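Structures follow.
Consider the two complexes below, in which chain A is the common component and chain B and chain C are the respective partners.
Our next item is the complex of A and B:
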C-alpha cells in the first residue's frame, strides 16, 4: 500500500502545497502542478452543480433544523495505477491525495492530514492565509505520519 | 458577587451595564463564578486547552510583529509580554508551596531550581530538561536552562529569513520576571540549538541563557562565606 503524493489547493484554485512521498508517479514540472490544481478546482466547481436535486420541505421551520449538506463534487478519481481522493473542507480548501488503487482507509488518512494542517499550518503565526505552505514542522510531521503507512 | 445582588433597573444612561450584569458571556460565566472567585491555592484540574493557547500565542506573536524594526526588537517585545507574568507567578507559586518551604530563594541555585521545577511544572506540566552552569570561567554569571521541545513553539515554524528568531523569548521573559522579582536582576534570552546531529531528535531544542547582573554574583560570594 503506497501513498504517492499530496496536493493542497486553496479556495481560489491556487496550488499551495505539493509533496511526493514515494516513487510511482511521474514528476511534473511546477507549472504543470499549478495547471492541474487550477483545472481540478474548475472541474470540482462544475461537478458540485451537477448533483441531483433533493426534495426540500416547503415549511421554513424544518429547513432551519435540517440544513442540507453542501454538494460535495468530485470525491474520487481512479485510474489503472493510482487513485485520487479529494477532501474538500468547509472553507473550500481541497486536499488531493494520490494513492495506490487498493489503499484502504484513505478518508482516515486525509482526515489525519487535515488535522496536521490545522495544527501546524493554521496555528503558525508566520503563515499567511491562502499563500503557499512553507512550514518546516508541517513537513516533518507529515513525513513522520506517511512514512510508516508506506512501509507497511 | 455582582450576580448575587438584585439586578438594577436599567437606566437610560447605562444600558450596557445592565446588559452585562444579566447576560452570561465570556466575561461573566453563567455560574456567576469568575476567576477571582476561585481559591488561590487550588491548582489541580486547572489545565487549559493547548489549541486555544496556540491560537492566542499566535496572535501575540503577530501583534508583537507589527512595526518592529528587526528580530531583536521582536524578541524584546515578546520578552516584555512575559515579564509581568513572571513577577506575578513568583508570588503565586511561593504562596502555593507548603508552609515549611514557603521562603523566597536566597541563592542562585535555589532560584534556578525553583524555576526549572516548580515554575516549569506550573506552566508546562513537566520540569525543564537540563540546568547547566556556563563552563567558561570568564562568564561565571551565566546559567543555561534547556527545554527540548518548548510548548509555546510546538506549532510554530519560523520562516528561513528569520531563522535567528525564537518565539520562546516569551518564556525567557517569564523567567526574567521571576529572577527580577526575587531580587536577582538578570537578562534572559532564548536560543534555538536544534541543529546538527542533535537536531534530528529535538529539532525545536531551546536554551534559555540566564545572565545575572555582576552584583548578584558578588553577593553570592559573600553569602557563601
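Our next item is the complex of A and C:
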C-alpha cells in the first residue's frame, strides 16, 4: 500500500501544493507540475460535459428536491502504474492523490487530508486564499498521517 | 452494465468510427451553425438592439447540448491530454486505462499503431480493456484491415463502417454484456 503523491489545485486551476511521499512516479520540474495542474483542471471541466445520456436536462420546475446532482468530473483515473483519486470540494478546490493501483479506501484518505487542510491551512491566519500553501504544520501533520499508511 | 457509446480514432487524431447505443432523442446529429450565445435582455442600454436580428435568425438554444461530432472532438482532447499526463508521471511505458466520473466511465485502449479505441459505459462496469482489445483483434483487424476494398488509411471514416463490422460489433457488445 503506497501513497505516491498529493497535489492540490485551486479553483482557478493553479497548483497550490505538491508533495511526494514515496518513490514510484517520475519527478517533474515545478513548471511541469504547474502545466499538469492546469491541464487536469481543463480536462476535469470537459469530462463533466461528456455524459452520454444528458438526462440532467434543465427544467423550469422550481422543486429544489427534484434537482439532480450537478455532473461531476473525473473521480478516479486508472493506469497500469498508478491510480489517481480526485476529490473536488464544493468550493472547487481539487485534491489529487496518486496511489498504487490496488490501494483500498482512498476516499477515506483523501477525506482525512481534506480535514487536515481545513485545520492547518484554512485556519492559519497568515494563509492567503488561492495562494500556494506554505504551512509548516500542515506539512508535518500530512507526513505524520501518510507515513504509517505507506509502511503498513 | 450499459454501454453508451464507442469511438475509434486513427493516428491522425481523426474520429473514424463512432457508435451510440444510448438513446439521445433531442440531440442534433450534425453540427449546424454554432448556436449564438443567449443575449441578456435585462440590459437597459441601447447597444444590444443591433444584435437583436441575429438573435432571431438563430434562436437561442441550450448551449449544454453538443453535437455528436463535438462530443468526439472533446473525447479525443480528453484522452490525448490524460495520456500525455500519465506518460509524464508514470514513465513512457505507462498507459492510461480508464477514468470514472459520477455519471459514466470511459475505457481506453491504444494499439501499437496508435489507433485509439474508446468506450463509454456506466460506472459499475469493470475493466473493459481486454474487451476493447478483442474488438481490435477479432473485429477491426478481421473486417476492416483485411477487407481488400478498404483503404489503408480511413479519411472521414471511409471503409470502417462496413456492414460486417457494424453487425459483428453490435453482436459482440450485446454478447459481452
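Rule of thumb we're sticking to: the second predicted complex is superposed on the first by the 139 of 152 C-alpha atoms of A that agree within 3 Å, B and C clash if a C-alpha of one lies under 4 Å from a C-alpha of the other, contacts with A are read in each partner's own complex, and residues count from 1 in each chain.
Here is the rule we go by: contacts are C-beta pairs under 8 Å (C-beta built on N, C-alpha and C of every residue); 3 or more make two chains touch, one makes a residue touch a chain.
Remember, predicted model here, so these are calculated numbers, not experimental data.
Trainee: Once chain A from each complex is brought into register, does chain C clash with chain B or fit beside it?
Mentor: After superposition on chain A, which the two structures share, chain B sits beside chain C with no clash.
Trainee: Looking at the overlay, what does A:134 touch: chain B (first), chain C (second), both, or neither?
Mentor: A:134 contacts chain B only, not chain C.
Trainee: In the overlaid three-chain picture, which partner chain does A:125 touch, first (chain B) or second (chain C), both, or neither?
Mentor: A:125 contacts chain B only, not chain C.
Trainee: Going by the contact rule set out at the top, does A:74 touch chain B (first), chain C (second), both, or neither?
Mentor: A:74: touches chain C, not chain B.
Trainee: So, does A:105 touch the first partner chain B, the second partner chain C, both, or neither?
Mentor: A:105 contacts neither chain B nor chain C.
Trainee: Measure off the angle at the C-alpha centre of chain A toward the C-alpha centres of chain B and chain C in the combined model, and quote it in steps of 10°.
Mentor: 160
Trainee: After superposing on the shared chain, does chain C or chain B touch more chain A residues?
Mentor: Per-residue touch count on chain A favours C.
Trainee: Look at A:144 in the shared chain and tell me whether it touches chain B only, chain C only, both, or neither; answer first, second, both or neither.
Mentor: Neither partner.
Trainee: So, does A:47 touch the first partner chain B, the second partner chain C, both, or neither?
Mentor: In the superposition, A:47 contacts chain C only.
Trainee: So after superposition, what is the minimum Cα distance from chain B to chain C, given in Å?
Mentor: It comes out at 31 Å between the closest C-alpha atoms.
Trainee: Which residues, counting only chain A, touch chain C once they are in their complex?
Mentor: These residues of chain A touch chain C: 25-26, 28, 32, 36, 39-40, 42-43, 46-54, 57-58, 69, 71-82, 98.
Trainee: Spell out the part of chain A that touches chain B in their complex, as residue ranges.
Mentor: 119-120, 123-127, 134-138, 140
Trainee: Looking at the complex, which residues from chain C come into contact with chain A?
Mentor: By the definition above, chain C touches chain A via 4-5, 20, 22, 24, 26-27, 62, 64-66, 71, 74-75, 77-78, 81-82, 84-86, 88-91, 93-104, 106, 120, 127.
Trainee: Could you please specify the touching residues of chain B with respect to chain A in the complex?
Mentor: For chain B paired with chain A, touching residues are 51, 54-55, 57-59, 61-62, 65, 154-160, 162, 167, 203-204.
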